[in-house]
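Next up, some structures in structure tokens.
In the two complexes below, chain A is the common chain; its partner is chain B in one and chain C in the other.
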Partner chain A sequence: METNLGEYRETVHYNNHSGVRAICSDCHVPHEWQYKMKAKIMAVKDVYHEVLGTISTPEKYEERRLEMASAVWTKMKASDSRECRNCHAFEYMDFTIQETRAAQNHQKAIDTGMTCIDCHQGIAHDLAPGYLEEYNHVVKKLAAQPHQGPIDVAGIKSFLGTQSE
Partner chain B sequence: MLSILDLLGTIGAAALGLPGILGVGLGMTSRNPIVGAALGGIVGVASPFVLGSSHSTEVPITTLEYGIALLIGVMAGLVGCAIRRKGAKV
Partner chain C sequence: MKLHVLAVASALAATLTFAGFVGAQQSGGVTSLRNAGIDETNAIEDVYRQDEGREPRNYRQQPPIVPHSIEQYQIDLRTNQCLTCHDWTTAGDRGAPTLSMTHYLDRQGTQLDTVAGTRWFCNQCHVPQADAPALVGNTFKPSSN
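The block that comes next holds the complex of A and B.
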């Protein structure tokens, strides 16, 4: 857990001009009781792998980085970036004081029904090589699930700069 | 399709949430297992509405989540009822 903690400490969520900090649980543990309990139970596997030393060295960590990131992206995409939205909401964004590129992209995200993690995959941790392909795979996998709402896979791929099918 | 870990998490969350805890409590209000199970079932169905929704997103609660909460609620209601029948002397 030291590697990802160190990466997080280099990001805006740890250190920023306003002094407001988002800690690990703000992004990885839901606020809603039912989902919070579910996350706690599922986190037992993290304890298990910590004891086993599955990611105890930088080399082992890098081997598993994409797999671990993919699992978190899947959760975030499926929940419409619920944990991000506990603090960030499109409704309260003032696009006039955002950078032009950010404002344009946020407006596009609203118009096309995208969610935070569609663009901000590396917001708190380093990205592994081939992350865009893996994220596309996550999006396609979720879009194929029957209970999911309509997802514009082609639009997201286009936005991410990869070829749409 | 949920992974095994996801499924275990959903079941555990239901057991540690309203369906499990309130289900046992309401089950203990009756010696009739049908009433106990029904009360637990009602809590199970209602709990995803109360605790499973999010104020900030529009993610629908899946049928599986409802199903698991209902099942855990019914079982908890029956356990509560059994406690009442075996344990209470009044």
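The block that comes next holds the complex of A and C.
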């Protein structure tokens, strides 16, 4: 956990012009109770491997960097970058004071339903070789999964033959 | 007796060596990298902001300068983040200029699918544009304007 902490300390989420800091948990622990509990249970795996020394040397860390990043990207893509959006919301952004290319791409992101992590990989930690291919792979894998959107009430009603409210 | 002499000699040697160090430090005029005394406040260098909009080239083969901030872009042995938008595989989607095709030629002139190792470190030639004084002097003149 020291390697990724060190990398984060070089980035804008640690040190920036406005003096607002996002700490590890701001990005990695959800606010909502059910998601938070799930994250805490999943974190047992991290503690286990930390104790086991799975990533205890720089070489071991680099070997697993892409795999670990991929797991976090999957989580973020699946949750529509929920933890990012606790601070960064499109509704609160003033595109006119953003850099031109940032404003254009954020507009495109709204129009096409993209999520933060689609572009902003590696903002707090270093990226492994082949990261873009791996990210595209994550997106494909998630798209292939059955849709887990809101419950299709109309579909259920029509299946049961009860059209009336 | 022999041991006693040895102890005295070594103590003397140590004292003389230490005295020598002190003397060298006082006469050598050691300057710190900080260029200021420990009790002085260092002046920080001016910060020059990124210029937006594309600057025209000053001569035919000038590497174009970067019209956006490249703060915290990772360019190292593992990853080159510029290529996320500027590689030929992604430039179309991202609406970014593609690298010059010369950047896909290796030293022998072989066409490669990925950027040549010799061209990996973008900011050796392409720098973000800012209206800042030159860091070093330069007498370069283009052959034609």
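Please note the rule applied: the second predicted complex is superposed on the first by the 147 of 165 C-alpha atoms of A that agree within 3 Å, B and C clash if a C-alpha of one lies under 4 Å from a C-alpha of the other, contacts with A are read in each partner's own complex, and residues count from 1 in each chain.
By our rule, contacts are C-beta pairs under 8 Å (C-beta built on N, C-alpha and C of every residue); 3 or more make two chains touch, one makes a residue touch a chain.
Not measured: the values here are computed from a predicted model.
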item	value
Superposed partners chain B and chain C on chain A - clash or fit	fit
Contacts of A:P129 with chain B and chain C, given as first, second, both or neither	second
Contacts of A:A109 with chain B and chain C, given as first, second, both or neither	neither
Which superposed partner A:S81 touches (first chain B, second chain C, both, neither)	first
Which superposed partner A:T11 touches (first chain B, second chain C, both, neither)	second
First, second, both or neither for A:V29, with chain B first and chain C second	neither
Chain B versus chain C as contact partner of A:T100, first or second or both or neither	second
Chain A residues touched - chain C or chain B, whichever exceeds	B
Least C-alpha distance (whole Å) that remains between chain C and chain B when both complexes are overlaid	25
For the chain A and chain B complex, residues of the former touching the latter	30, 32-39, 41-42, 45, 78-82, 85-86, 89, 145, 147, 149
Contact footprint of chain A on chain B as seen in their complex	1, 5-6, 8-10, 12-14, 16-17, 47-48, 51-54, 56-60, 62-64
Residue ranges of chain C touching chain A (in the complex, touch as defined)	50, 52, 68-69, 71-72, 74, 76, 78-79, 81, 84, 90, 95
For the chain A and chain C complex, residues of the former touching the latter	10-12, 62, 99-101, 104, 122-123, 126-129, 131-132
